[in-house]
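One chain, chain A, links the two complexes that follow: it is found with chain B in the first and with chain C in the second.
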Partner chain A sequence: MSAAHLPALLGGLTLAACLGAAAVPRRALPGVAGAGTALVGAAGVACGVAALDRGIEPIELAGALPLAGLRLAADATSGLFLVLIGAVAVAAGIYTAGYAGRGHGSARTPLVLLPVFVAAMLAVPLAASVTTFLFFWELMALASLALVLAEQRRPAVREAGLAYAVMTHLGFVAVLVGLVVFAAAAGAEEFGGLGEAAAGLSPATRTAVFLCTVIGFGSKAGLVPLHAWLPRAHPEAPSQVSALMSAGMVNLGIYGVVRVDLDLLGPGPRWWGLALLAAGAATAVYGVLQAAVATDLKRLLAYSTSENMGLVCVALGVAALLRATAGNDEPTAAGAAAVVALTAAFVHLFGHAAFKCLGFLAAGSVLAATGRRDLDALGGLARRMPTTTTAFGIAALGACGLPLGCGFIGEWLLVQSLVHALPAGGTLVALVLPLTVGVVALTAGLGVAAMVKAFGVGFLARPRSEEAERAVEGGPAMAAGMGLAALACGVLAVAPAVLSPALGRVLPELPAVTGQGAGAVPAPDLDTVLRLPGTSGAMSPGLLAVGVAVGIVVALAATHWRARRRPAPLRDAPLWACGGAAPTARMQYTATSFAEPLQRVFDGILRPEVEFAVTPYPQSSYLVERASYRSRLRDVVESVFYRPVLRAISAAAAVVRRAHQGSIHAYLAYGALGLVVALLVAM
Partner chain B sequence: MTSETYANLLHFAGGLLLLCTVGVVWRHQLGASVRLLAVQGAALAAIPLISGIYHEKAHLLAIAPVVLVLRAAVLPYLISRMVPPTARPPGGWTASAAPATPAAQADAGAPDGPTATRPGPAADVLAGSREPVPLISTSVTLLLSAALTVLAYALCRPIIALDPTADTRTAPAALAVIFIGLLALTTRRQAVSQVVGFLTLDNGIVALAFLLTSGVPLVVELGASLDLLLVVLVVAALTNRMRAAFGGTDIGELQELKE
Partner chain C sequence: MGLVASIRRLGRIAEPAPPTTWAGAAPPDQASKHPEAGGGAEALPAALRGSLQLRHVDAGSCNGCEIEIGACFSPVYDAERYGARLVASPRHADGLLVTGVVTRNMTDALRDTVAATPEPRVVIAVGDCARDCGEFAGAYGVVGAVRDVVPVDAEVPGCPPPPDAIIQVLRQVTGR
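Take a look at the complex of A and B:
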């Protein structure tokens, strides 16, 4: 079977999965829908591998859409994203069979739409013309909107759906305007023609296209200040949909930036890179800060998505900035660092997809077992749900960006590119890059705090609610889905070399970042030892893992040996425990109390509404009868950026409303005047 | 029929159409409006008849009686039925003779001569057979009609320049009828007067279609006529409901119906 048949296979499988899920009896529905989704995902992975290998030749489907038709093709860059999204869909699909089987999000419509959503996500990187791209982009948005609204009986879901619908369509309008302006100015509709004509466009057109598309794609990737929908919609969706959105769909925002702004529009001025860098840095810090103080498990993960997309965007911005600095005449340190930064972006996308998919699947498992997402009401799950706890632990380690976690490699590469580019650039680079290092370091630090909170408060210690006390594991299908994602996490953490051949084919396709001619830089060598081109940085996660494993084994053996030599204790007696021998769940840290110091430090940014009231006994004001603490966090960006916009829209609507009096005569007069004016204009 | 006779007859029909339309916006007594509407319908029916005889087109000759029956008889009758029997003149409007001095009566608001036993103007307004104080005064309405007629002639100049025949030269009158019909729709308060305005507008549109396309296909004309009949029937039903619910048919009272 040739590569051209793979998209057809993808479409056929989607159709079959949909029809199957629509037709089978209720009992078999979760299994069929899950298996269908996983198969569509697998077909996507196959497409991606074929595209990475040799690319998929353009396929024209002239009759599929009126006027324009569909045009599908894939190069290695598309292939990379196809593999990424396909793999997430496989894990989420397997998980769905168990999750929906336990009565969560098991209505027929969302399950029928699940394969459609996956297929639309896979078709976006396959699109090779503006019309095709926009068609699948919108299909993806609509399918995900319907999936977010799966549990539409809860008011929070409806509110999230509304916010998502508005934001995603505003983003779509921005992308639409950008691409239509691009296509009109370039006089071409296929991506190939656009790329060839881009160099001849006027700077004003290029800038307009850049700004429109970055705003549109940025809103999909959850960049501040366009992130408002993400922490609402991702937590309220059923968990496998959260995983697909947070680990799959947001990546397509990045794909859009890479495809349109870095690939097709070609090398841009320095401020493009700076703009991406600034947006990414703001997103990373703001996202991780909100994650650190969030008490809702899925909301925390959603903010963490925003944070990681911010880091990827920082990497892309650094790459574009350094490439604009480097020039194409000779190999320079800045050029080499640009390639490392781009590699960091792609590697981090993979790492993030793996740990975020796993994180949401594990959170869904907790939700299925307890019905609670509030960290303050969880705890004590480690003994009751060991598989889920292990899975979430692996995900949290990845999200921390610490060694042996799958988020580490990407962040390490990013920091390496920032550090090694320092001597290369001029004043601007010397000023911006150290600040960026600071941003990445702050993000990593706060990320650790957020994940320690999520894992420690949510899974360890004692249960804080009856639901958490009664929690039980979810079954083999859910465990299998999580296991697959955990396996991906482990492989990416220990052996990033698996990505090496793919990156070796993707990077040369983006000469706008990797440079041309003499200035071209080869892709970094992600072998057992990571070596970076043109710099002295090197690291080996595999050897590190072996070292840590050997260390643990040695330490265990040593303690075991010491324990054997020590004489057995003579008698058991209760220890003196300072009156705390029987700790209760109320004595534990909660998510709120754990995050309270951070909330204090970042009081100026987070602006929490805190109420603290102490009620003393009537006998003495020094004896406290009761103390109540209530803190509420609002998204500051929302109140700063969104309220004025909404107020302006309301004011404009009030002006229009003045013409809208409800008088039939006035409406008739408008119609008559309109006719006369139209006739006058036509004359 | 010579081409000169044809042009004269066509111009005459168009002029009658326009004159009746001006009369419709001038008169506030519903009876007069309905009579004028009937004459207007007859003038409209004359257009396909004349055109059919001159161009020797059978389907136009077939359309003409349909238009005549519908617009000169059926629709005026239906409109007169929209007013309750107590507010109608004893012999019916279409049967009674035209008042001797309509202008003086409309301005003074005096009861019609032959029907002196009928209730006064205030009761007529309540029953829906007479316009209350109009949104703009009669003289302003007539001035606006004149301005709209001039505008219609100005707008049609390119069309006449394109194909200077008797048909296109009559087209401005039809366009003026459309404009004046819209004016009547915009300024009238009673639901019944609204229907009259709407029918005037539709007569103008049909006349324009006959004149500019030299013959609408029979099917299209029949479909449009059926639509019109349904519209009038539905509005008649709605008017009765309005009268039952609010005690009047002043659509100015429907202000609160906005969302």
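Take a look at the complex of A and C:
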């Protein structure tokens, strides 16, 4: 079977999975839908591997869409994203069979639409013309909207669905305008033609296309201030859909930026890189700050997605900025650092997809077992749900960006690119890059706080509610889905060399960042020891893991040997409760109390609404009868940016509503008036 | 390496430690052992020699002994140079400094604290109240001396005991 048949296989599998899920009896529905989704994902991975290997030649389907037809093709860059999304879909599909089997999100429509959503996501990087791209982009948005609304009986879900629908379509409009302007100015519709014509466009057109597409794709990737749909839609969607959206769909926002703004539009002026960097930095810090104070497990993960997409965007911005600084005449430190930054972006995309997929699947497992997402009502799951706890632990380690976690390599590469580019470039670069190092460091630090909170409060210690006390594991299918994602986490953390061949093909395809001619820089060597071109940075995650493992074994052996040599008598002692009565679950840290110091430090940004009231006894003001504490955290970007806009729209709508009296005579008059105006204008 | 070299060259700069009054064997007055704990300084756990992490428990003191304990760890007396250190939890501690008579409200807390301290451990009763209820013997809220509630390994007499006396006992445990 040649590579050209793979997209056809993908389409056929999608159709079969849909029809199968629509036709089978209810009992078999979760299994069929899950298996179908996993197969579609596997076909996507096959497509991606073929695209990475040799590329997929353009396929024209003239009759598939009126006027324009569909045009599919894939180069290595597309292949990278195909592999990424396909792999997430495989894990999520297997998980779905167990999750929906336990009655969560098990209505027929969402399960039938699940393979369609995956296929639409896979088709976006396959698209090779503007029409095809926009068609599948919108199909993906609509399919995901339907999936977010899977449990539409709950008002919170409907509200989240509305916010998501509006945001995603505003983003679509921005992408649409940007790409249509691009296509009209370039006089071509296929991506190949666009890329050739891009250099001849006027700077104003290029800037307009850049701004429109970055806004549109940025809203999909969850960049501040267009992130508002993420923390609303992700918690309310069924968990496998959250995983697909958070580990798959948001990456396509980055794909859009890479494809349109870095690849097709070609190298841009320096401020493009700066704009991407600023948007990414704001997103990373804001996202991680909100994650650190969130108490809803899935909302926390959603904000963490925003944070990581911000980091990827920072890496892309740094790459574009350094490339614009470096020039193409000779190999420079800035050029080398630009390549490292681009590598960091792709590696971090993979790392993030792995740990975020695992994180949402584990959160779904908790939700399925307890029905609670509120960290303040969880706890004590480590003993009751060991598999899920291990899975979430691996995901949290990855999200911390610490060594042995799969988020570490990407962040390390990003910091290396920032540090080693310093001698190059003018004042601007010398000023911006150290600040960015600070942003990345702050993000990593707060990320650790957020994940320690999620894992420590959510899974360790004692259960804080009856539901958490009665929690049990979700079964083999869910464990298998999580196991697959955990395996990916482990491989990416210890042996990022697996990405090396793929990146070796992708990076030369993006000369706008990696440079041309004499200035071209080879891809970094992600072997056992990571060596960076043109710099002295080197690191070996594999050897690091071996070192830590050996250290642990030696420490265990030493304590064992000591204990054998001088056995200490075992004795039972009561749990230490600071001399008070036996400790209860109410004495534990809650997610709110754990984050309280952070909330206090970042009071000016987060603006929490805190009410604290003490009611004393009438006899003495020193004797407290009752104390009440209420704290509420809103997304401050939402209340500052969105509310005024929404209020203005409502006001405008109220004005327009006055003209709508419901009287047929009035409407006839409007019609006549409109006709007269049209005739007058035409004359 | 400049720093390490200058540390090596300079060595330790401190006044010589004052002489110990116990000189090998426990003197009868300064640090009298509780009869049940066995006699002599050699009965104190050898594992605690050199380093002693202490948790202080106020079982019902007038705060006189607390001020003296605070003075022990001040720069003037500097008990840390003999290896004794105050810590914030019995889980981190090798020994307890108990002050005051044991009041009814603190009885269970004291027992819990002793149970929470990992073995080998020492319990040191500091001050006359902790030894034999002192001024407060027979008062309505008093359960008894420390040894009536938990086993005591060493005692420091005085009301309040001067820092030298407390440090003498601590040095007896750490052997420094």
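We adopt the following convention: the second predicted complex is superposed on the first by the 640 of 683 C-alpha atoms of A that agree within 3 Å, B and C clash if a C-alpha of one lies under 4 Å from a C-alpha of the other, contacts with A are read in each partner's own complex, and residues count from 1 in each chain.
Note that contacts are C-beta pairs under 8 Å (C-beta built on N, C-alpha and C of every residue); 3 or more make two chains touch, one makes a residue touch a chain.
From a predicted model like this one, the values you see are computed outputs, not experimental measurements.
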Open item on the list: Residues of chain A touched by chain B versus by chain C: which partner has the larger set?
Closed with: B
Task: Partner chain(s) touched by A:A573 [first = chain B, second = chain C, both, neither] - done: second
TODO: Go through the superposed model and pick first if A:S202 touches only chain B, second if only chain C, both, or neither.
DONE: neither
- [ ] Check whether A:L680 is in contact with chain B, with chain C, with both or with neither, and answer first, second, both or neither.
- [x] first
Task: Partner chain(s) touched by A:S621 [first = chain B, second = chain C, both, neither] - done: neither
Task: Contacts of A:T427 with chain B and chain C, given as first, second, both or neither - done: neither
Task: chain A residues touching chain B - in the complex, by the definition given at the top - done: 660-665, 668-669, 671-672, 675-676, 679-680, 683
- [ ] Note which residues of chain C are touching chain A in the complex, please.
- [x] 89-91, 106, 108-110, 112-113, 115-116, 119
TODO: Spell out the residues on chain B that touch chain A in their complex, using ranges where they run on.
DONE: 135, 151, 154-155, 158, 179, 182-183, 185-187, 189, 251-252, 254-258
- [ ] Please name which positions on chain A make contact with chain C in the complex.
- [x] 568, 571, 573-574, 576-577, 579-580
